[in-house]
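In the two complexes that follow, chain A is the common piece, with chain B as its partner first and chain C second.
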Partner chain A sequence: MSLSGLDLMAAAAAASAVWMCGVSGVQTQLRGLVLQTAAIAIVCMILGAREHEGHYYGLALVVFAVKGAAIPVFLSWAARRLGVRKDSGAYFGPAIGLLAGCAALVAGLFIGRDLAVPMGTSAGAAGMSMALVFIGMLLMTTRRLAISQLIALLTLENGILLFGLTQTKGMPLMVEMGAVFEILVGVLIGGLVIFRLNRSFEHIDVTNLRELRR
Partner chain B sequence: MTIFELALFHAINLLAIPLMLAGVVRKVKARMQMRIGAPVLQAFHDLAKLLRKTETISENASWVFIWAPRVGFAVAVILTVLVPWAGSLLPAAWAPASNFVFVLYLLALSRFLSLLAALDTGSAFGGLGASREAMISVLVEPTLLIGLAALAVHTGSADLQTMFGLITSPMVAILVGVALLLASLAELSRMPIDDPTTHLELTMVHEAMILENSGPNLFLIEYGTALRMCVFLGLSCQAFLSAVPGFRETPLAVQYATGVLSLFALGIAMAVAEGIGVKLKWRSVPNFLAFAAASSFLAALIAAAER
Partner chain C sequence: MIPIGLLAVLPLVVAGLGLFPRSSPWLPRAAAGLMTLQVPLVLWICLPAFSGVRIVWGDFAIDGLGAAFTCITTIVVAAALIQASFLLPAGRANHPMSDRRFCLFYTLAGLFVVAMYSAPLAQNLGYMWMALEATTLMSAPLVDFHRNRASLEATWKYLLLCSVGIAFALFGTVLFFAAQHGLLQGTLSTPGLMATAKSLDPKLLRVAYVFCLLGYGTKAGIFPLHNWLPDAHSEAPAPVSAMLSGALLNCALVAIWRVSQVVSAAGQDDFVRSLLVPAGAITVLAAGLMLIRQHDLKRMWAYSSVEHVGLLVVAIGMGAGPIFVLHAFNHSLAKTALFLISGNILEVLGTRSLSKLSGILRFAPLWGIVLVGAGFAIAGSPPFGTFLSEWLLLKTTFTGNQVFASVALVAGLTIAFLGVMSHLAGVVFGPESDKSKLKPVPSWAAAPAVLLAGSLVAGIAVTPTAMSFLKSLFEAAGR
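The block that comes next holds the complex of A and B.
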């Protein structure tokens, strides 16, 4: 089995997600998210070149503009505004997190082997998308700050998008656009909730949110 | 290649390059700190001076203290000959001797001996340095083992001498190169893990272990360290060079020259990074080495998937 360009970019997306598991700075995590989204946008463009269909290029552009530029800029601004820098992890530190991310990658790869792959996209890329979903879930459950959980949600969503790209012969552009803008609105609402959390509790550490405020 | 040429290459590898590299790294570090620094050949003079001096041995020291550096130096020489850190320079019949598991065991042997020697005199610093060195080695060893095993799986050969010539995937080569580079920074007690020039008891690792040594005993340790620096940095250089398409088809002399030049380039880059960067907190060393482990793990994964 040899790796095609599509596989390679999917692997790059998954590798940057694994890297995100191992860093604790919020801004560094956002940089990882940008890399990951860029890799997925390139996957989109490779598919577009292969299928000779224009709407893949449009999708790549929208995905990168929204998830690779707008959302990271917003979250980075929010993190600076809230004064959070480091997320040391809720249950384990970044070293174990990195190895857990690797384990998630292996799990994704093995599941990817058994997936049916239509129309010439490869099992490797599908496996990598599963790995992205797993890593997103891992990050969501093991991070301490609410803002890193939003970043984890975006990783998970990237995984779902990549999975969709490998499994379908291109959704209608409108459907994909709808999903992307829904994520944008979701992140904006999440950001507002984080600001409110910060105002009510003076921190955004979710491990301390154990009981409802009376 | 005739036996004479082989001997010449290995003589250069053993005598000239390691000490030159040590001198160049020291010089660049001095320039980074706006100092003139000692001349590049100072490492030769220093070692010659150590060899001439008389030795001071603690009353509490046993034969271990005297013999450990000798055996450690012998191991370092064997490693320098066996490991293809400047290109494959051994006859094909000798290649099985450079089996990667054997090489890792030799490394573990030299580490074990240096730990024993550090503990032998019973000084507080020796024990402190030894315990830190033991912790670093526990973190580094899996990285080296998995990284080299990834290359073995990828190339279908367990011998370091042949393995680097058979690499076809740039991804695997680069990931293993990164893993080896990060691991060797820890293994050689270089900057983000340990400052090799410090004598502050709170931070030193390697220096704390050799405080008691002097004279010819220290000569063996310093020379062994220079040899190990060549082996480790050169190995990661070779991994990076294997990622360049067509590099392994060039004549052996070109490969050797490129390997040595890139080794010096890596040494200079390391010295510059040491001038800019700061040492890690001791507690975040595992986080740093986790990146090395993850990168060799990914290399192993890709090697297994491509097979």
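The block that comes next holds the complex of A and C.
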């Protein structure tokens, strides 16, 4: 079985997500997010070339501009302003994190095979997108910093985007674009809340927010 | 032909006015006035829909269900903004804030209302998803209006948990599209999906439904996914709590109704029922148990919202559209009244702790009467509307042979009644707490009193004719 370029790029996105499970530096994680998004934008362009449809190129551009450039730059600026460098993880360190990431990848592959559209050309990509969704959930629950949770949410959304791209025939463009736009607004609002968290609590460690646990 | 866009005009005017900090002295009253004006306007726009005419505008349409929920949302928002016109300026005296920040409240509230109109009117799963995501984004900053540590933490929890939830709903929506792989052209429009429902891939359809249920269920506060809800609803300022509980929960429930409709049309009615009925019944039971141990007035109403969401989910699961609309209406009226009157109490007495509050009936008789009345209404006592809708729902579950669910519902409702009543008795009776900084203003109870009267009328007006009218709302929609 030879891998198509599309499967290869989907695998690259998932691999960068697994790598993100094993790093603790916030800036490094953001680099992982950029790689991941770039791979998905390339998937989008491959689809455009295959289907001869111009709007895929537009979507690739928007996805990369928003999730691969604007959001990482904003979050990286925010991390520097807040003075956060490392997220040591809530339950375990990076080594076990990497292992858990691999486990999520395998689980994603198995479940993705079941969800893949029959007679579709990219059953592998379905597994990779499920892996991204699982890794997003894993990162969400095992990180300490509010900013890392936003990165986890973006990873999860990337998985959904990849699934939508590879497993459906022409998902309405408005919905894909709308989702990208809303995630941009969401991250901006999330960023503002993080700045305010930092001002009130003097940290952004979500495991240490205890105001409501009376 | 009336364009649907007309619905959004007045909320957008409020949002626009909020951009001008100089309007802060008169904006609260102007916004209250505009949203009160919106009530007859919305009724007029929705009137054709009530007699069975669908007003279509692109991928949005006012059908019977949409019209009912648009009206409920408008009533709740009007009452909330009327109350905000007293509460927010009074609150500003204690916690100074800039004009810009104060006016931003109205910008966000206006946009929030537009998003809440779009959700039940969208006839396309994609647009419905976008509208619900927009409601989270617009309301999260509203929760943090007071900017203290607790409200900030609640905002973060709300924003993050609901964003994750709504991401699952997006995945579900994508799967709904993927389930049409056998067809030439896919669609996300609900009428289109229902027309071709039989040819959808059943396995993908089920997975899609589970993901949508997880996503919109988080937003609605179904039991294991509810834990952001009591925080956000109790830490927000009272008018926002009222909008979140009285209007936003309904939007998420309508989303669940719409996806359930598609899955039912595909002949998977049993699957829908087997998921929703136990989920709703467990929610009611769990919320009832949690209502016993409450220390905070607004938090108690938030848990009671979880209980009513459970009831509404059971109604959706049984496919009982008329009961769903009726109970949503009754719950919204009573819960809005409760949050608004609790906001008055918090503003004047400076606490919402159940152990510190007592003697409200002596301190402010009118507020006390409305509080007790609305408390009875929310606990489902006659002669209020909630009693009838809960009764009809129990009748449906019993005749539908849902023995486990019926028993859980009866137990949950009983426990919830006892919990609410025992806490409420401590608040309204007993000696007056002497910490009052301000004198109570009787007219602050006006909007909640009107809502309570509405709930009373709804309790009397439910006749077979009214039920067949509610049934007619769903006739065009099938199921």
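In this text, the second predicted complex is superposed on the first by the 205 of 214 C-alpha atoms of A that agree within 3 Å, B and C clash if a C-alpha of one lies under 4 Å from a C-alpha of the other, contacts with A are read in each partner's own complex, and residues count from 1 in each chain.
Going forward, contacts are C-beta pairs under 8 Å (C-beta built on N, C-alpha and C of every residue); 3 or more make two chains touch, one makes a residue touch a chain.
Quick caveat, the model's predicted, so the values are computed rather than measured.
S.K.: Following the superposition defined at the top, how do chain B and chain C come out on chain A, clash or fit?
M.R.: They fit: once the shared chain is superposed, the two partners occupy separate space.
S.K.: Name the contact category of A:158: first (chain B only), second (chain C only), both, or neither.
M.R.: After superposition on chain A, A:158 lies in contact with neither partner.
S.K.: Between chain B (first) and chain C (second), which does A:106 come into contact with in this model arrangement: first, second, both, or neither?
M.R.: It touches chain B, and chain C stays clear.
S.K.: Just to be sure I read the superposition right, which of the two partners does A:29 touch: chain B = first, chain C = second, or both, or neither?
M.R.: neither
S.K.: One more residue to check, A:124. First (chain B), second (chain C), both or neither?
M.R.: The first partner, chain B, only.
S.K.: Taking CA centres after the superposition, what's the angle at chain A between the directions to chain B and chain C, given in steps of 10 degrees?
M.R.: With chain A as the vertex, chain B and chain C sit 150 degrees apart.
S.K.: Any idea whether chain B or chain C touches more of chain A?
M.R.: Touching more of chain A: C.
S.K.: Which partner does A:11 contact after superposing on A: first (chain B), second (chain C), both, neither?
M.R.: So A:11 only meets chain B here.
S.K.: Tell me the contact category for A:95 with respect to chain B and chain C: first, second, both or neither.
M.R.: It touches chain B, and chain C stays clear.
S.K.: Thinking of the overlay built on chain A, is A:148 touched by chain B (first), by chain C (second), by both, or by neither?
M.R.: neither
S.K.: Could you state the shortest Cα distance, in Å, between chain B and chain C after the structures are superposed?
M.R.: Superposed on chain A, the two chains' closest C-alpha atoms are separated by 23 Å.
S.K.: Go through chain A and flag every residue that touches chain B in one model and chain C in the other.
M.R.: Overlap of chain B and chain C footprints on chain A: empty.
S.K.: Flag every residue of chain A that touches chain C in the complex, lowest number first.
M.R.: Within the complex, chain A contacts chain C at residues 115, 117-120, 133, 137, 140, 146, 149, 153, 156-157, 160, 163-164, 167-172, 174-175, 178-179, 182, 185-186, 189-190, 192-194, 196-197, 200-201, 206, 209, 211-212, 214.
S.K.: Inside the complex, what are the residues of chain C that reach chain A?
M.R.: Going by the criterion above, the answer is residues 126-127, 129-130, 133-134, 136-137, 140-141, 144, 147-150, 152-157, 159-160, 163-164, 167, 170-171, 173-175, 177-178, 181, 186, 188, 201, 204, 207, 231, 235, 295.
S.K.: Given the complex with chain A, which residues does chain B contribute to the contact?
M.R.: 169, 171, 286-287, 289-291, 293-294, 297-298, 301-302, 305-307
S.K.: Would you pull the chain A residues touching chain B in the complex into a rising list?
M.R.: 1-3, 8, 11, 15, 18-19, 22, 93-96, 98-99, 101-102, 105-106, 109, 124
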